[in-house]
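Next up: the structures, one after another.
Below are two complexes that have chain A in common, paired first with chain B and then with chain C.
Showing the complex of A and B:
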């Protein structure tokens, strides 16, 4: 799904590595992370808990805790390296150029101010609007995210809204200043299934209207399939596969991606009950990642080379790549996808 | 609280529970008494009347007036003395708490928010001071800078800031890791903005509770200083001073210590209840959960 206009590179992350100081040295949370997001495009970072998805987002938004160390890499946004910018400069870009939606809407709003005050303040501080104009702008923006009776609800406190409505408010604040990049960190994880679809629809609509670049962080394969253009699958702090979502889902080049896709319960096709496929074992302890391919202890196809040599990113054509020694064989093997 | 919720309503339209209204009225009465009491019933610390020494409450004095609460060892009317003392004690209590909480909150927030070396230095100083009896510290400082109203407030504030600093720091640490602080950051908020809009509002409730607890302690501490001759100069009447002065007459004139003691207890209890109920009310989460 290429965008109509020539694609404009919005965010480029190259060779990012982030570690956390701990007893007995640094623990690498991210290694060799490279991806890019274009205007009007959605990239999903897909992975299980602890795979480093959220740390990536924190690195981009300068939210890393004090114990984190960025040991290498660049995050280029709009020609500027965010990691090299003074924090003050990064903060200036926040809100106006990039916004973020958080996982838990129940704690992402300041409980002591009305939502009208919180959103209006954004316009007052960042755009210099007057009190009345800012309140109008706030009413408009929460109307945009589909909160009924917007003007009256400006005077309500966050706890007077339901979870789904609060996530709409968080989204409203994130897009209020029309950023060009929106990072959504598990935006639907804390919500009911019925509300999840509404929130994803909303994000998709806003993205199209504002031609935003969206970085969606999730562990939900279904959400990825619905709204994403490209996907980057993360495992144990590294990107193991990246590419167009259709290609990756149809012909995964990495055994981990295959395992993930196989573990989705089949609800279509007659409802034949089969035991849920799982990936055996657990992700490695980041302090003691296995030699060679980090996935080899859990990989059903592991060979000797996997235990000794770390696989490079194998180019599978059209931007599809996987870090597996046998990526080409994986994709080519029709029997596996019969 | 259901049986206590006989309610009155303020202009805001929200019903106020009895737990706020009643102590607020009592505290208001004290403030009023402290402000206008001495005007109605003048107190002269050097006007002694030996004929009226140690008269019990409800006695007619030599000049024909009625002494409601009795007289002290040199014949001064106890009620007039307490009204004059209320002014000083309330002022010392309030000024000390304002000063101590300003210092404590400022240092606690800085230590908690930025951490690192500042945090270590501030909190170790606080620990050292906590390990040292506060009244001893107050005596030491008071002995050096001498007795006066301002000095008493300064001395007491120095002994109290630690409590505020520790509460402020702990609360700052909790709040700064909350998602809405990160959310504010991703919307471009500066450190100053986060402290003013996210941290300080969250400090109001716990600091208020600490202040109400400390209020009684401060008034008592001022009394102790006065008792040791390091508090306010002798001519200035305070509750603590009056209570101390009555100690030697407890056997034959109980009212000298008891009357200001009762007044002090009622005030401290009411301030405590007020602080507790206000905290519950100021926390929007507690209201609904």
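Showing the complex of A and C:
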């Protein structure tokens, strides 16, 4: 773990496990999830669809559906364990202390209210501002996220904005009350590639200006490399590797991370065209996760022990860790990282 | 906007014209001669012919039709043969009763149906929800005349709480209004329930929650406002059928409204009053539809017609 004074620490998730009630018992969506984010720092939760990234965010924001069951763990924020609080108490921190940016800006905004009303609602309901003051504050926020002619556009409806502009509006709502933690759940997935970079730049700028802690949920390795300090790689409901981004990208300790990185097409300094590497097989069905290491059926390095024993988190130094029996060998394997 | 409204008015006019034509032809197609009804079966053919000539019923059908249409423009439907007054006067005497009954029923359906639907949605799958669903299913499927008779038997004959018919006292409107409201109320419950459940599943509800808004505001403002769009559409259309339903309910409860006038006039082959009543009902129906269309634009900014 990197040294951090307790005052800097913003969010600490420990041993979180979340299941979903289903026919024939509970399906475990998350298990053994532990991570922390400090003020001014960005942690990425990286993983493919269904790996449990979004469920983690929902658990923090008290947005889990009624069918979800938190079976263990703590979420420390602001000196409180959010999971032990009544849902209503946690909600009170949403918007003011924690903001969230959603994946699809087309549906995240309410279609029947003007964007001015939707943003001003935060100031009116959460801060008790009057109608006019709230409107002024909303205009300022819209201006902050880089929407031109903010004052005039207050009266527009979401469908009158482009996708990128709508995501700016969603971000405006998330940061309006200057939260200390910003959770961004795939903020660029639904956007054009050209707009993606602008949105990430905006998030980065806002984070620096407000010294926010940011939890970025994504499956985009490039985004992670560009804006993240630390990364937690998720696979099938568990964190399989965590650490400083540069370390993890340079020397992945888990074969899954290694496979992910290898599957990025090399565009820079190309020349020879190589077939794109892929990870064979599919992630396991959460109802029938394999014994031992959940990744072993897809792992090119799998040994007997992987089929029977669940690997612990192996400490690789400086906050870098991976849940692989052969994590140290992976990192030391210079042959593969020349 | 004016162009859109003009188009809507034009098509509404066509609907009125079509309805007028159908009622004109239908009245003449059904057996039974108004003159014979009036004079009795013992009248001589000469007497019948004279009366028919008096009423202009001896003219060829196209001539009668054109007369009917040209006079309809100024809402003149001719004399009632049964009541001895202009047909329009008979209609305007009874219409307020029908409008009053329909409004009370409509208010009842809204004030009870809406909260019941919201409650049902919030209680999804629980006992209360199932009970309400059962109730609304029954309300939609039971025929009005049966419900009306049962209410009379229970509340008037057995418990003597409310009058069984007529419009003699202020509370006399209650039984017919409840009977008339029941099907609409049930539709509203079901629509509100499913509409709210649908809108509560939308991502913008998560956004509202992430803003830290209380659940009351999340449901009451963000959920309900979106659910209104489908509800208003259907409720607006159902409002028209409320007028139609009034015909049956008024007969069961001897309510002196347009519906009962219509039924009595059909029995007497009182062409003028039947035509006047139906045309007025259709006018109401299409007016309501236009209002609903305009309301739709107010509720959903995405369909607002920019002008």
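Here is the rule we use: the second predicted complex is superposed on the first by the 330 of 338 C-alpha atoms of A that agree within 3 Å, B and C clash if a C-alpha of one lies under 4 Å from a C-alpha of the other, contacts with A are read in each partner's own complex, and residues count from 1 in each chain.
In the analysis below, a residue touches a chain if its C-beta (ideal position, glycine included) is under 8 Å from a C-beta of that chain, and two chains touch if they have at least 3 such contacts.
Note that the structure is a prediction, hence the values are computed from the model and not measured.
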When chain B and chain C are modelled together on chain A, clash or fit: clash
Which superposed partner A:61 touches (first chain B, second chain C, both, neither): both
First (chain B), second (chain C), both or neither touched by A:104: both
Contacts of A:237 with chain B and chain C, given as first, second, both or neither: neither
Which of chain B and chain C A:170 touches, first, second, both or neither: both
First, second, both or neither for A:286, with chain B first and chain C second: neither
Which superposed partner A:112 touches (first chain B, second chain C, both, neither): both
From 40-48, 58-66 or 76-84, the chain C stretch with C-alpha clashes against chain B: 76-84
Residues of chain A that lie at the interface with chain B and also at the interface with chain C: 61-63, 88, 91-96, 99-100, 102, 104, 107-113, 121-122, 125-126, 157, 159, 170, 173-174
Interfacial residue positions of chain C with respect to chain A in the complex: 202-204, 206-215, 217, 222, 225-226, 229, 299-302
Residue numbers on chain A that touch chain C, as the complex places them: 61-63, 88, 91-96, 99-100, 102, 104, 107-114, 121-122, 125-126, 157, 159, 170, 173-174
Residues of chain B touching chain A in the complex: 115, 178-180, 182-190, 193, 197-198, 201-202, 284-285, 288
List of chain A residues in touch with chain B within their complex: 61-63, 66, 88, 91-96, 98-100, 102-104, 107-113, 121-122, 125-126, 157, 159-160, 170, 173-174, 177
